């Protein structure tokens, strides 16, 4: 069993560390001046003792597991949805991350973390939201142009939008760069080619999103905060699932989504999953991804509810659309705006988006 | 000539009606022909009562408010672009001239791109904000091109072509730039520039109709003048034609018709280029035939192209400009082959 | 737009100045042509009476084409004025001018896909209204048939221009010009691209036309001898100015011609059959019974 004191395993050491400066920084904590060494040893020893005692006391069988190279799965104990009531156990179940930590990211690359990253660059709004939710405000040294939540994110140095400002990213000398699906693999490769450590997340489902947040907690040694977030998300989802399950088959509503003028969303996107999780039917369920609206198909599907993008769609254009006047949703004026960012970002607010969607479809069904 | 016009014209109209019938049948929702017929007949005053309502509201909406207006709009846009293309070819005497030669497409695209980029799609005039802006910017582009090309009171052809290229490059670059800045999940600017007739109701056809009718009539009336242009501007002037005035007015009207079509449907290329050539192969180079027959041919062409666009891939729409471009390539290969074997070589194209 | 104002002004002037019967077909009063600093035609006074056959001769750059352009209205006079049938050229509307005066193009008709019949009909454009209708359609058709016969184009009527030879297309061009029924015909080196057969052919046809209808002809020719055969009067130009004017007998002397073209004075002979002066040229190097360059 490895502890933080041991030398870094060198199997994968060289891979991510072409930058000698980075090398030094990560290792600098391990070779302080001799005067401090004793104090450190004492502190670490005490911590280890306390940890072992508390673990023993709780009777948890799982400990800080040896890091195993796996697909972005959580390394810690959390498997079942945490009980919201059992906070004490939850607090004690969250643990400290043991470094070095090696994980495989969405590009299939193994990334090793020698310590909790002290300088983080995030290149997607969803990742930024997650990082802030874990209390990593101080550590974030760069965000993408589009990151706007929370407010603090807006004042962080900008690292580019669709076209990344690689100079700025390199100059910030981050310990890790977190990217999402919006950054393609080729860009990730070129960033890695500059000697940067890049970790990509690409969740497909709600569950994946939650697991990823837990992974974040592990990487950044904020497992407690991560658990808080994932617990809340799971609770929200459970609320909705229960409410959705209680709806009769006959009362199930069909929903039409329009999140870009003239475009709808089908399978494979989070929005679609939110619809199914809410116990409704997506009018465009036969399609995948984004596609131009097929007016005939929508009229035939006769949706009961229309959800549209708050930012970019004017409901009047939908209502006035030729031939749509007879659709149930239009006749009964069941058009609702949804905050785009809540339903398209694979981050901590996705469950909020789920609740918003559910409430729009089945108002007053959620207690 | 009148006889030939009657012959070809009659055939064209017949084909148009047949196409209407066939294309109504095609769509993502399966509707039997009999029901479609009944739905249509039901709308006619007098006969309507013999076709009682045995279909649901959705089906009637699909036929009357989604499919039919779209097919009619396709016909109008096709007619507009083809007739403008014929006029451009007649006056510029260049077989590669099309309605977008003077930069209208890039001008309109810029207007549309700006509206989309700044999220003003539904500001002010609701759904008409974008088409109106696109029309205005398209017309403005023409004005700039004319000003650039004007040389001592005349409009030399080479000057017009060059000025058109200047504007196309410049404005096209701006549009591409705006398109690249798009961070939305769907690149709306890009799709607008590729052309689409999706989600457009009867009002679009009503708006375009006067342009096609009046513009088309005007251009037809100038067909005799276009015939003279084939002899060369100098000779045409010697025969009594006011070449500068004719050039100016024909280009102006053709461009306005084009701008109207583009503002309604996005940029649909190749129609204005291919259709007049095809008609020329069938009916000869006389513009008095070419202009009206191009309108008919363009209507037919785009009706079918749009039908393919909305039905080829099941539920997914293929941008209309892509379909017409696919038709363009083999056509030009054919033209190239013919010119190699042709008697007059490339010169006979200008006839 | 100013072309609108101009046409309104023209209509007004037309009402005020009707053409008079006894006026010369073409008259120039100090008319000059200059552009971009170059003086193509010096101010010139010239009268052409109805029915005359004039040929303008001169070396390259002497202003022959520009002079023709002044008369046809293609070039704007930088000084002075041009009158057609006694009326200033500027007062004519385009169609009106096309009914009065026609220009036979140098290259004939381009090899287009249109038929000969269509090409001839285009000559009627100045007489048609905006819908393409003539005041007397039957008479116009009869005229076109006559023209086709006269020019031996009847069998070629349905053939496309791009199927014809250069000479045939020049004939078709002449037919188009005849359909305009002008009073004045301008020819700008109409024989430049034709072989001897077609050169004579065209000149003969023009001559016949003139004889039958009293046409006034002003031609620019480069072939002196052809000019001598057909011209009634000659106008010699050099560097935009008149050098000589008169009948072929009067004007075509070895000294004048030699000085005009800056060559050795030619030998003048009388044509055996028709008696008109013909010029035989040679270069400096050819003399003493020897051919050029054989020293």
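As written, the chain order gives the labels A, B and C, with residue 1 at the start of each chain.
Heads up, the rule we're going with is that contacts are C-beta pairs under 8 Å (C-beta built on N, C-alpha and C of every residue); 3 or more make two chains touch, one makes a residue touch a chain.
Which protein is which chain? UniProt says B = Corrinoid ABC transporter permease.
Just so it is clear, the structure is predicted and the values come from calculations on it, not from any experiment.
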* **Chain located farthest away, centre of chain A as origin (C-alpha)** => C
* To do: Give the identifier of the chain nearest to the protein's overall CA centre, each chain being represented by its own CA mean.
  => B
* Structure fact -> chain B and chain C have mean C-alpha positions lying a whole-number Å distance apart equal to 44
* Asked: What is the distance, in whole Å, between the centres of chain A and chain B, each centre taken as the mean of its C-alpha atoms?
  -> 48
* Asked: When the centre of a chain is set as the mean of its C-alpha atoms, what distance in Å lies between chain A and chain C?
  -> 87
* Structure fact -> Residue positions on chain A within touch of chain B in the complex are 145-146, 161-163, 259-263, 286-287, 290-297, 299-300, 302, 311-312, 314, 316-317, 320-327, 344
* Touching residues (chain side chain C, partner chain B) in the complex -> 3, 72, 74, 94-99, 102-103, 105, 109-114, 118, 122-123, 125-126, 128, 130-132, 160-163, 180
* Structure fact -> So, in the complex, the side of chain B touching chain C is made of residues 221, 224, 227-228, 230-232, 234-235, 237-242, 244-245, 280, 284-286, 288, 343-344, 347-348, 350-351
* Along chain B, where are the residues that touch chain A in the complex? -> 27-29, 57-59, 61-62, 64-67, 69, 119, 121-122, 126-127, 180-186, 188, 191, 196, 198-203, 310, 315-317
